[in-house]
Amino acid sequence: MRILIVNVNTTEAITEAIAQQARAVAAPGTEIVGLTPWFGAESVEGNFESYLAAIAVMDRVLAYEGPYDAVIQAGYGEHGREGLQELLNVPVVDITDAAASTAMYLGHAYSVVTTLDRTVPLIEDRLKLSGLYDRCASVRASGLAVLELEADPQRAVEAIVEQAERAVHDDKAEVICLGCGGMAGLDEQIRQRTGVPVVDGVSAAVTIAESLVRMGLSTSKVRTYATPRVKKVVGWPMRLGR
Amino acid sequence: MRILIVNVNTTEAITEAIAQQARAVAAPGTEIVGLTPWFGAESVEGNFESYLAAIAVMDRVLAYEGPYDAVIQAGYGEHGREGLQELLNVPVVDITDAAASTAMYLGHAYSVVTTLDRTVPLIEDRLKLSGLYDRCASVRASGLAVLELEADPQRAVEAIVEQAERAVHDDKAEVICLGCGGMAGLDEQIRQRTGVPVVDGVSAAVTIAESLVRMGLSTSKVRTYATPRVKKVVGWPMRLGR
Amino acid sequence: MRILIVNVNTTEAITEAIAQQARAVAAPGTEIVGLTPWFGAESVEGNFESYLAAIAVMDRVLAYEGPYDAVIQAGYGEHGREGLQELLNVPVVDITDAAASTAMYLGHAYSVVTTLDRTVPLIEDRLKLSGLYDRCASVRASGLAVLELEADPQRAVEAIVEQAERAVHDDKAEVICLGCGGMAGLDEQIRQRTGVPVVDGVSAAVTIAESLVRMGLSTSKVRTYATPRVKKVVGWPMRLGR
Amino acid sequence: MRILIVNVNTTEAITEAIAQQARAVAAPGTEIVGLTPWFGAESVEGNFESYLAAIAVMDRVLAYEGPYDAVIQAGYGEHGREGLQELLNVPVVDITDAAASTAMYLGHAYSVVTTLDRTVPLIEDRLKLSGLYDRCASVRASGLAVLELEADPQRAVEAIVEQAERAVHDDKAEVICLGCGGMAGLDEQIRQRTGVPVVDGVSAAVTIAESLVRMGLSTSKVRTYATPRVKKVVGWPMRLGR
Amino acid sequence: MRILIVNVNTTEAITEAIAQQARAVAAPGTEIVGLTPWFGAESVEGNFESYLAAIAVMDRVLAYEGPYDAVIQAGYGEHGREGLQELLNVPVVDITDAAASTAMYLGHAYSVVTTLDRTVPLIEDRLKLSGLYDRCASVRASGLAVLELEADPQRAVEAIVEQAERAVHDDKAEVICLGCGGMAGLDEQIRQRTGVPVVDGVSAAVTIAESLVRMGLSTSKVRTYATPRVKKVVGWPMRLGR
Amino acid sequence: MRILIVNVNTTEAITEAIAQQARAVAAPGTEIVGLTPWFGAESVEGNFESYLAAIAVMDRVLAYEGPYDAVIQAGYGEHGREGLQELLNVPVVDITDAAASTAMYLGHAYSVVTTLDRTVPLIEDRLKLSGLYDRCASVRASGLAVLELEADPQRAVEAIVEQAERAVHDDKAEVICLGCGGMAGLDEQIRQRTGVPVVDGVSAAVTIAESLVRMGLSTSKVRTYATPRVKKVVGWPMRLGR
């Protein structure tokens, strides 16, 4: 089975880190293909950048020529998953949802630790729309930007551990979700430091995508995610910056 | 005061209808400028098209050269308003929210009558995120596509009245919101036929935008809608299809 | 157009302050008439006083002889708006709702800063019933009574700023609503001190009332706010204390 | 122990029916005193009448000269209970709450059958504010006005049974609450006809009031229901129509 | 009338304390029978123990030979009440619900103070399922285990008072519920120390059970709590440890 | 990896059907061990039977002697999962949650089709506690008892398809969950008949359990699901009916 995993920002190094994390958890026989959008922001930290990423991700996935069995959108709290679901017939899994639905099997409440404070409402809103917010104890910001995480993983670990501990003690979280695709690979260290299960959304998404494919399940086409109607669309596909 | 009102689809005739409706309600001294996105779908009826419109609307507004005091996004249940709020310092009003918040002054519960069934969940989700869903009795589809509404207003009136009456009798709505920018101008007929207040989102949005400007209020920049951080963004602005 | 703005307490000085604030924001051609109830408490800070005000406000409005186009009830978190909606055919706007629905256009979440702690649950309950509570981050008390606000505006500003800052930092509010009719006129100072938009309910209500009138919209009469049935009512109208 | 039970409307015959129902369930040693407001509507069926009743009820209770141990407000979905709680040191029980909290011990969900459609939103709102709405399956109107119930109990039974059966079959209610003080005494007939438990709010309120008194419990005075502050109040007490 | 009150754990001393508290509030003519389960944990502080208690309580009640009019399950936040409701035709009252529904007559919000932190989510979940959580300000743990409460009541009072005060000041509770059957009898001391009403669930449950019996009301059998269908059940009744 | 899948009722044929379904989806290298409780009801269709099953399932799992990596509780809407989570260090997955969390990846809303009407509230309540209810469109009963499903699969298919179609058309479900362990194996037929994705909880649970094991994740032990404290427990383990 082949799974496409799409970064939401244009920084190749993050795509590689994500793909590496995905491959580490993938079942034998699963091929992971990492994709980087051809346009958009080098890091996605807000609504404008997230909307742009939504379109760039769809554009990039549609441009992929080979066959594939599932798509993972590897941005935490980002827009666009519903669009991919309309455009594709294979299952689409967002890492925000994947981390949350996985965390709910591990404890009574979970918290998300993310990057900047400004992204907190985006994550909360996505979880609300996905119907996975009821048992969310909190979404907390580490204060580090996406590229800072990337540049200094050890500092990232410290900042995430600090918020994770507050989440456990003050907010009564029992599980921590890593709230950024760029945090892929830090889960084990944070688990050791906090003593609670730590869910990496990329890993979780790979297992969910594989599972859906294995069960022969894909997006329902009866209503919300029906294929777009045939109509005139100007400027699409975009293939900008290619 | 100058207010930009942006259509979400690329059909110029709808932009004109919207702008005309906006001018009819605008206060003396308010100039209404209708904008049509330079790319995207001729009608927006689902998530892919709506995400594309989100970006096309931001792109079109940023390309507008003159000064302006507020922006109205004239799509019902569409994505993108939060992005505009980040990018601009003037107030941004979405007609989905404008119709709902206005309807809540007129009755205990309101319903929205929109176009196709597939757009119903989008509208519900936008209202939930906007915090305006609690008193929504229902969102109902007329079964007519955006361009069908445009092509045959009388058929549109019939289809909307039928659903509006069900909303009042079965769902206990006391007010009806017209759930499509392309329904601008039909409110009076539907009001006469149903006997309940009918809110046109375009009109409502104009009055709200004017009011915010008059009170000197604009988007808070402390967190969610802070200006995007300076970073490398490939392929932006787009100006596609210009 | 003539708008009646009714104070909820019997202190004339507050009526004057409210009417002055209303006139400052009113459009050219809008006449603002301030009304003071003929009976009730000098300041309304709790349920008993608020229920009494509800009746006194209805009584005072019905006693007004000239024509008018809309009515504003200028008490924050008070009872009675639904009664006015039944009795009148013109639109009725409560400043609690007006501030909240306006704030929701300006940020992802808003807080209210009010007078005494005992009034906090009243405001929360009114916002819940109005369907405007979902994006309320908190309702905070300044600790100052209504008449203390009136007597010492500078002390009021300090107390409000302190709570507003906590609302922004601790509760994640992005907009502040002034939660008392008697705070009319303090918005600008508090905006400068806190750096976030500050919504004065009186101003907001004036623009909303004007907008409803301009759009030809008024209270739906099909169910909740239908005109009271004809029946025997003892002791009404009251005209007490006149 | 002496319990005052206050009718919300001025029709003495209803006060008598309510008091009779209360006496039938009261424990030995409990004296029931029925009170009729001195002013207000002959039947309360909407917000204006309900607000007026709120004040008339407070006024009537304060005018009662003898000692008493608890007060029951015998109107379904009416305003005012919070005011009584502020003014009195003895427990206050509203029949709306009493029926609902009792019904919740008897089944997984309950429905209320009330009088006119226009009162449905009032009841729903009161239950929401009381925190007793989560397991409410529906509030249904029989279509009969308060005085029609009073005039023709057999017709009332038929109309209530019809809605109760729909509540059980369509809305999945397992218990029915009689949603009008004037329905006191009909519970047994409706229970036999529907086969589900039927809760009369007056009876339920009597047992709850007795229980609170027996346990030495009364309204908390720390915040929401603290005694009103001493201040100038014009036109109070009212004693209108005496 | 005879009411069975069943302890959830196997510590006889707690059964006696509970029964004594129940007798203190019971009406003349009410006989209280305390029952201790024949098997299960000496103290119930978590899900496994609570599920075991659920079955042990059902088993013990079914083994009781004499007639009885109602059953009280005297465990705070424990499983099993729904099972008893299916098996019995008499009313069943859980002290968790009884304390909460009683507290809601006394203040705008209540908090529960319980034993160990691990039991907090159980109590929250039970209140949610019972539909009594909306006005719950918080559930707080005293940090004392059930048997520690039993062994050192004075230490228990101190620990409960500390959390009760935080509930009132920080969480805005106006009423405190004692969140453990083993706290029976401490209510008066805590009321004096905190100045707010304190509800003991055992007392509350006795009055509610008596009231239901007096009104001739019992569990609805139409759906959720219908008598179990006749089928083969292995190992039941259990009568373990007898 | 070895996964124990525990039936909730004592009918061996259902255990076999469940295990067969589990094996069909399990990854190479996953060993599925089906367990039947040693005591309890032949079919679980209500609270009493479900509570008994909860204990019987825990008892049966603890009696299993070999090593294992995860446990699946194969009852839809049943009690007990939280107890297993306390007692075990390996992940525990309930098929109710597994079906729901999987369905949420496939459509905007899902419905459950189950057996008897009396089990509907149990399923709804379990989904609410699991935080997976927000996007549940409905839980519908086929009207067939568990053993009827087992005895006549074709009749079962017809009854399930009828309700599934109503769920899609009337309740706006886009995905159907099979709400009974005994429905294992019917998913493909129902998918073909309804045209929407059909999720079998057993299959979903197997993939989730495998995924958690593969990621090295298990139940958080910091609070709700901490190992039970050491204490005296009478009558445990039970090993009844062995």
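Just so it is clear, A, B, C, D, E and F label the chains in written order, and each chain counts residues from 1 on its own.
Criterion: a contact is a pair of C-beta atoms (placed from the backbone, for glycine too) under 8 Å apart; a residue touches a chain by one contact, two chains touch by 3 or more.
Which chain is which protein? Per UniProt: A, B, C, D, E, F = Hydantoin racemase.
Bear in mind that the values here come from a model prediction, so they are computed numbers and not experimental data.
Asker: Do subunit A (Hydantoin racemase) and subunit F (Hydantoin racemase) face each other with the same patch, meaning over half of the contact numbers show up on both, or with different patches?
Answerer: same
Asker: Could you work out which chain's C-alpha centre is the most distant one from the centre of subunit E (Hydantoin racemase)?
Answerer: Farthest from subunit E (Hydantoin racemase) by mean C-alpha position: B.
Asker: Hey, which chain ends up farthest from subunit D (Hydantoin racemase), C-alpha centres compared?
Answerer: Computed centres place A farthest from subunit D (Hydantoin racemase).
Asker: Subunit C (Hydantoin racemase) and subunit D (Hydantoin racemase) are the same sequence; what rotation (0 to 180°, nearest 5) superposes their CA atoms?
Answerer: 180
Asker: Rounded to a whole Å, what is the gap between the Cα centroids of subunit A (Hydantoin racemase) and subunit C (Hydantoin racemase)?
Answerer: Once rounded, the distance between the two centres reads 44 Å.
Asker: Determine the centre-to-centre distance between subunit C (Hydantoin racemase) and subunit F (Hydantoin racemase), using the mean Cα coordinates as centres, and give it in whole Å.
Answerer: Taking the average C-alpha coordinate of subunit C (Hydantoin racemase) and of subunit F (Hydantoin racemase), the gap between them is 52 Å.
Asker: Using mean CA coordinates as chain centres, what's the gap between subunit B (Hydantoin racemase) and subunit C (Hydantoin racemase) in Å?
Answerer: Going by mean C-alpha positions, subunit B (Hydantoin racemase) sits 28 Å from subunit C (Hydantoin racemase).
Asker: Would you please write down the residue numbers of subunit E (Hydantoin racemase) that are in contact with two or more other chains?
Answerer: 108, 121, 172, 223-225
Asker: For the complex, give me every residue of subunit B (Hydantoin racemase) touching subunit A (Hydantoin racemase).
Answerer: For subunit B (Hydantoin racemase) paired with subunit A (Hydantoin racemase), touching residues are 10, 38-43, 45-52, 54-56, 58, 79-80, 82-83, 85-87, 117-118, 121-122, 125, 128-129, 145, 223-226, 228-229, 231-236, 238, 240-241.
Asker: Can you list the residues on subunit F (Hydantoin racemase) that touch subunit A (Hydantoin racemase) in the complex?
Answerer: Those in contact with subunit A (Hydantoin racemase) are residues 25, 27, 91-93, 97, 101-102, 104-108, 130-135, 168, 172, 174-175, 195-197, 199-200, 203-204, 207-208, 210-212, 214-215, 217-220, 222-225.
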